[in-house]
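Quick heads-up: structures coming right below.
Both of the next two complexes hold chain A, though its partner changes from chain B to chain C.
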Partner chain A sequence: MRKTMFLMVALLAATLAFSAAGLAADKEVKIGVLYPLTGGAAAAGRVLRAGAELAAEIANQQMSGIDMDMAKNAGVKSMGGAKIVLIVKDHQGNPQLGADLAKKLIKDDKVAGILGCYHSSVTKTVSAVCERYGVPMINGSSTSPALTTRDFKWFWRTTPHDKWFTKDLFELLIGLTEGKVKGVKAVPRQELNILAAACEKTEWGSHVSEEIKNFAGEYKFELAVNLLYAAKSPDLSSEVQSMIAPKPGAMLFASYASDAILMVKTLKSLKAKPKLIWGQDAGFDKPEFREMGADIEGILTRSVFLPSVARVKKVSGQVNELFKQKNGVDLDGASARSFTGLQTWVYVLEKAGSSDPKAIQKACNEITIPGDQLVVPWAGVKFENVGGETGQNVLGMGLIGQYQMQKDGKIGLEIVYPFNLATADMIYPIKGF
Partner chain B sequence: MEALFLAMFKALVAGLLMGLVFALVALGLTIIFGVMDVVNFAHGEFLMVGMYATLLTAPLLGVDPVLTLPFSALVGAGLGVLCYHGLIRHLLRGPTIAQLFGTFGLMLFLRNLALMIMGSEPMIVHQGILVGKSFVVGPGIVLGATKLAAAALSLGAFWGAWWLIDRTKTGKALTATSLDKEAAMYMGISTERVNALAWALGGASVAVAGGLLVNFWPVDPNVGLLFTMIAFATVALGGFGSIKGALVAGVLIGMIVQAPPVWDAMLRLVGSDAAEGFTIHSLKYTFVYLIYFLIMVVRPQGLFGWKQ
Partner chain C sequence: MEAIRNAFDFSDFPRLDMTVAGAALVFLLAFPALPHSSFAMATMIQFLMFSLYGMGWNTIGGYAGQVDLGKAQYVGIGAYTTAVMMVRWDVPFWVSMPVGMALAVGWSFIIGYPLFKLKGHYFAIATIATSLVLKDLFEVWDFVGGAKGLELPLRGNFPDFLYLQFREDYYYFYILLAMFLAGLLFINGFRHSRLGYQLRAIKDNEDVARSLGINVHWCKIKAYAVATAYVAMVGSFHACYNFNIEPEDTMSLDLSVLIAMMAMLGGAGSLWGPIIGASILVPMRSYLGSWLGGQAGLAGLDLVIYGAIIMLIAAVQPRGVWGMVEAVRGRRRGV
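For the complex of A and B:
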C-alpha cells in the first residue's frame, strides 16, 4: 500500500513537473533575427545584434533605471510574462541565404516573427518569404523606399527611409532661410538657391538623386547640377569641375567612403566655395571619413542616431550607458535602430497578448508607441498606409549632424536638425578650403 | 560662350595632368610587355603595394609621404624581381595561357594577402606637403599640387625610360631581348637578368605612381582593379610595348575623362534642364573603353604599337 502510495505521488510529481516544463515552454516567444554577422558588413552586423540583444534583455527583466514600459515588466506581461528568445542567424549580406534562413526559422524553429535584415536586398527576399508563410516581419534598419511600396500584409518598417532623409535636408535649408537654425541668423534665400548634387550611379545613389530632384522642385530651389558618377572612380575632378561651375550655395552628395573622401579632397584642391555641404550618410559617416579631421569641419551628414542624442533625451542616455557597459562603444545608427526594432516587437506582442500571427498583424496595424519610450529621437512608432506606402512608421524622423571640433580636439557630430534637438550652434557658412 | 571656353581650357589642363598620372601607372605594364610579351594582371596590385609602402613608412620614419617615394620604388622593384624569379620565370616554360592565369593568380594572391594584413577599410595620407595644396593659375583654373607633382614625375619617369632604353647599353639589351630573345642570348646578353630588370623597372614605376596617388586617393586591397583597367586601356590604346604610346594614350584618356564638364557647359549654354541630364559623368570610362575597342578593331597594334 505504501509502495502504491509512493508510486502515485511520484507519478503526480512527474506529471506536475512535465506540466511546469510545458508551461515554461509556453512562456517564451521566439523571434528570428537576421543580420550580416560575417562578410563585408560584419562590423555593422555585430552592433545590430548587440542592439537587439540589449532590448531583449531589458524586456526580459525589470530594470528600475530605464524609463521604458518594457523595463517595468519581466517578459511580455499580457502573455503571462513570456520571455523574448532571440534566434540569431547570419545572412552574410546574401539575399538568397537570407531567404533560406527565414524559411528555416519559420518551419523548424517556429518563430513568432522576424526582425532584420539591414541590407535592403536581403530584407526584400526575407520579407517575401514571410509574406508567403503569413509570418510577421518588423524591419528596423533598411532604407530602400521600395520596401514599403509592395502592399505587403506582413511587413512593417520602423526606420524612416531615404525619401524622408532627403526631405529633412530641404527642411534644414528652408529653416536656414527662416532663421530657425540654432546659432545662425536668417540667411538670404538667394545665397542657397542654387544647388549642385553628385550621387553615385547605383540603385541607392540614383534613387537619392531622383529624390533630390523632386524635393528641389517642391521646395523651389534651382538644381543647377544633378550628376551621377561611376562609383569608386579613380578621379572625380571632372565631376567637381561641373559642380563648381554654376557657383552653388549647397553641394549635396550620396557617396560611399572612398568616393566621399576623394570628393572632399578634390573639392579642397579645386578650392570649391559652397556655403554648405551635405552627405546622405554612408561614406560621410564612416570612421575613415572622420580621419580627415579639420578638413571636414562644417560638413553635414544625415543620420538616424548620434551619441549626442543621449545628452538631450534622458531615456537614450540611460540605454546608451548600459550599451556602453556591455559593448564598450556608444549606441550608433545601426544599434539604436535594431534596439528600436526589437522594442517594437515587444510592444506589439504586449498589445497582441498572443503569438498568433493574426493577432500580431492586428496589433502592428493598430499600435502607437509614444516617442518618449524610444532611444531614437522620433515622435513614435505608428504604421500607416499613406502615400502609396504600406507598413511604414509615419512618426520616424532623421537627424542631420554637423562635424565640429570637440573639446578634446577630435572631430565629432553635433545635431543641427531637428531644430528642437540641436546640440550645438551650426557652423554656417562652412569655413571653406 | 565664355563659360564654355573656360570649361574647355580647364578640361584640357586637368586632362593633361590626370593623363600623365594614368600614363605613369601604365608605364610599368608596357615595359614588361615590351620586353617579355607577358601581360601582368597583377599590375594594379603592385600599385596597391606602392600605396601601402608610402602610407606605412611615412609616419614610421616621421617624414613627408613624398620623401618615401624612393622607398616605394625599392619595394616595387623588389616585388617585381621576386615575382619574376619566384613565378614568372617558371611560367615562361609553359604555354601563353599559363602566363595569363599565373599573373591572374598573383593578382588574387597579393590582393588577399593585403586583405589579411591590412584589413578592408580604406586608408589615406592626411598630412604632407602635397596633401590638399593647390595653385590658382587663372580665373577658376586651379591645379592640385599632388597631380602637378605626379604629372612632373611622370614626365621625368618617361624621359628616364626613354634615356635608359635609347641611350644605354642596358637599354639596348632590353630592346634586343624584346626583339629576339634567342638572338640576344647568342650575343651574350643574359636574358634572365634583362627580364628581371624589366620587372624591377615595371614594379618600381607603378609603385612610385602608387606612392603619389595615396596623397589624394584612399587605398584598400581592391584599389588595384580600378587602375589595372585604366592601365590596360592605356597600353592597348598606345600600343603594347610602346613607351611613347603609353604617354600619348595616357594623356588622351585623361582628356576623355575630363571632357564631361565641357558637355555640361554646352547644356547650360543651350538652356537645357540641367537636373534632367548630367548622367554623362557616369559614362566617362565607357567612352575610354569604347575608343579602346574601336582602336582594337581598326588598328589592333594600337596607336604606336610595333608588335602585332
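For the complex of A and C:
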C-alpha cells in the first residue's frame, strides 16, 4: 500500500514537474507591432517589419555569433524564458486606422505593449490610445520632435528626432565652409548660402520644415523656398520648378519613398544643378531609392545606420550579415531602428521581469542599454525627461551618408558626418542632372 | 408638428423593410452588451460615422442628384472648430459642436451660391477644388496648427461627458448612435418635406421643376447646407474620438470620395442606401485590412479584394445595393 502511495506521489510530482516545465517553455510575451505595410510607405514597412522580426528571432534563441546579451538567452530569462511573439498589423499610414488597431492589440490580443508606427502622425494617435489604456509604447522610428513633448507617461522613443538631425545638416554645411569635411576644400559661404526645402505635409514633414526654417535662421542661411507638398501627389514639377528658380546651393527634402523617387526624377527632367542635395532619411534611404543607381550619386541622406557602420562596429556587422541573408538587402536607417526598438523591448522586459504595465513603465524609466549592445552607432539607450521632453533616449546620434559608387559598381552609402566617423571623401559639388 | 410627424412616418416602406430596420436597431442598441472584440466596436463606430456622413451626402448627392466630392472640407470645419475651441479656450464638445455646424453651414452658403451655378461634372470638379483649396489653407494656417494639426489634451478624468473623453469605446458608441437615430429621423422627415419633394423634382428634370415655380438654385443651396450640417457634426465627434486631427486626415480628397462612394454603393437617393453602403464597406475595409494586411507576403491583397468588390457591385447595379433590392422587388411585382 505504502509502495503504491509512493508511486502515485512520484507520478504526480513528475507530472507537475513536466507541466511546469511545459508552462515555462510555452510562456510568451506578445508585442503589438504597427507599421505601414501597404500604401506609399510600404517599402519602409517591409524593412521595418524585417528589422523587428530579426530582433525577436535573436531574442528567442541562443545565437553564438551575435555579441549581444539578448543572443545569449533563449527568450526573456527573467520571465522564465518567455518567448517574444510579434503581432504585426498594417496601419496603411492612416492615423485613425492605427488607433483602431492599437485598441485591438491592447484589448483583444492582450499585448504587453506596442512598437511602432514609423509615420509620426500615426504614432501620435496610437500613443494617445496607449496613454488612455496605460499600456507602454516604445517608438523606434518616428522623428517628429513633438512626440516627446506631451508629458506622456507610457511613451518612450529610442531614435533621435528631427531637431537633432536637422542641426547635424547645418553643422555639415558650416563644416563645408570651414574645410572640415573629408576630401573637400573649404567652400565659399556664398556658394551654399541660398537654400530651398520641400517637405511632405503631414506631422513629420511639417515639423522638419519648421526645424529647417529655425536652423536656417540660427546659422544665418537664406531659406529662399520652404514649401510643403502632398506625398501622394502624382506630379511634383511645379514644386521642383519653384525650388530651382532662386538657384539654391543646397536642396533639402523630407519625403517618403514614392515621392522621394518622383522628386529626384523631376529634378533630373528639369536639369536641376544644386551643389548639394540632402534628404531627411525616410524615402531617401530605401532600397527602391537606391535602385535609381547613378542618378542618386552624391545625394546625402541623414540616417542612424549605414552599412558602412558594419565595417567599424563588430556587432552591427554580425546583425547586418544575418539581415542580409534573410532579406537580400543591408540594414538601413529604418530596419536598424526597428531592430533597436524591439531590442529595447527585450531588455526592458528582462529588467521588468514581468509583463505588468507598471513594472515595464518602471523598467523603461530606469534602464540603460550600453552602446556596445546596439547595431546603431549610439552611446546607448537611456530615457530621460529633460529640456521639456519626456521619455526621449538621450544617448542617440545621427549620421549623414552620401550615395557613392562602390567598387562593385553598385551605389552605396558612405558616412560623411560626423566628421570623425567619415568613411570616404565627400563628393562636392554633386554633378547635377 | 408636421415635421415631427413626417420624421416618424415610415408608412411608404413595406413591412419587411421595417422589420429588418427594427431588428438592426435592436442589434445596435444591444451591441455593447453582446460579446465583441474592441476592433468590432471600433468598426461599429466607424460604421455609424460613415452612415451619418452618407446620410448627409445623400440629401444633396442622392435626392438632389448633385455629385458632391468635397464633403471633407466640412468634416474639417467641424473637427477643427471643436479642436480649436477645446485646445485654446477649453470649450466643451456640446458647445463647440453646434458652433462648428453653424460655421460649416455658413461656409456652405458662401461657396454654395456660386457653386450651384455649375452643373454635372463641372459642379463635381468645383466641389473637389474648393475642398482642396480649404485644406491647403488649413495646412499653412498656424492658428489651427498648420499641417501638423491639433492634438486634444487628455484630461484624464474618464469618463468625461462634457469633453467627450472616455476610456471605453461604448460611451462613444452610444453617443454616436443617438446622433445616428436623430439623423435618420431628420432625413426621413426631410424626404417628406416640401424641400425633399422639390429636390426630387429637380433631380428628375431641372427645367420642368423651374417651370413649376421651384427656385432650383436656392433649393440646392438649402440641401447643401443640410448635408453640411451632418458631416460637420460627425467631424466634431471625430476630433474628440481621435484626439488628434490634421488636414491630411480630416480634409483629404480620399475622405470626400469615400463618403460619396459609400452612399452611392448603398444606393443614392434612398433612405437606407447610405447605411447599407457603410455597413458593407466599413467592415470590409477594416477586417480585410486587419486579417490580411499584416500577413507576410499578403500585404496589399486586402486592398485588391476591397477594390474588386466595389467594382463588382458598381458593374452589376450602378444604382447600388438598394437598386438591386428594388430591381428584385420590381421583377416580383412584374414591373
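By definition in this document, the second predicted complex is superposed on the first by the 260 of 433 C-alpha atoms of A that agree within 3 Å, B and C clash if a C-alpha of one lies under 4 Å from a C-alpha of the other, contacts with A are read in each partner's own complex, and residues count from 1 in each chain.
Criterion: a contact is a pair of C-beta atoms (placed from the backbone, for glycine too) under 8 Å apart; a residue touches a chain by one contact, two chains touch by 3 or more.
Given the structure is predicted, the values throughout are model-derived calculations rather than measurements.
Chemist: Check whether A:K104 is in contact with chain B, with chain C, with both or with neither, and answer first, second, both or neither.
Modeler: Only chain C; A:K104 stays clear of chain B.
Chemist: Which partner does A:E28 reach: the first (chain B), the second (chain C), both, or neither?
Modeler: So A:E28 meets neither chain B nor chain C here.
Chemist: Tell me which partner A:L37 touches in the superposition: chain B (first), chain C (second), both or neither.
Modeler: In the superposition, A:L37 touches chain C alone.
Chemist: Figure out whether A:D425 sits in contact with chain B (first) or chain C (second), or with both, or with neither.
Modeler: So A:D425 meets neither chain B nor chain C here.
Chemist: Thinking of the overlay built on chain A, is A:K201 touched by chain B (first), by chain C (second), by both, or by neither?
Modeler: After superposing on A, A:K201 lies in contact with both chain B and chain C.
Chemist: Contacts for A:E191 in the overlay, against chain B (first) and chain C (second): which applies, first, second, both or neither?
Modeler: Touch partners of A:E191: none, neither chain B nor chain C.
Chemist: For A:D67, is the partner it touches chain B (first), chain C (second), both, or none of the two (neither)?
Modeler: The answer is neither, since A:D67 touches no partner chain.
Chemist: For A:L228, is the partner it touches chain B (first), chain C (second), both, or none of the two (neither)?
Modeler: both
Chemist: Could you tell me which stretches of chain A are touched by chain B in one complex and by chain C in the other?
Modeler: 201, 228, 230
Chemist: Of all residues in chain A, which touch chain C in the complex?
Modeler: Result: residues 37-38, 42, 45-46, 49, 87-90, 92, 94-97, 99-101, 103-104, 106-108, 121, 124-125, 128, 131-133, 144, 146, 150, 201-203, 205-207, 209, 228, 230 of chain A touch chain C.
Chemist: Name, in rising order, each residue of chain C that touches chain A in their complex.
Modeler: Residues in contact with chain A: 37-39, 41-43, 46, 139-140, 146-149, 151, 154, 158, 167, 169, 242-244, 246-249, 286, 289-290, 293-294, 296, 299-300, 302-303.
Chemist: Quick check on the complex: what are the chain A residues that touch chain B?
Modeler: By the definition above, chain A touches chain B via 40, 198, 201, 213, 216, 223-230, 232-235, 237-239, 241-242, 244-246, 257-258, 261-262, 265-266, 268-271, 287-288, 291-293, 295, 433.
Chemist: For a test of understanding, state which residues of chain B touch chain A in their complex under the given definition.
Modeler: Spelled out, the residues of chain B in touch with chain A are 3, 7, 10-11, 14, 18, 120-124, 126, 132-134, 136, 140, 142, 144-147, 216-218, 220, 226-227, 230, 257-261, 264-265, 268, 274-275, 278-285.
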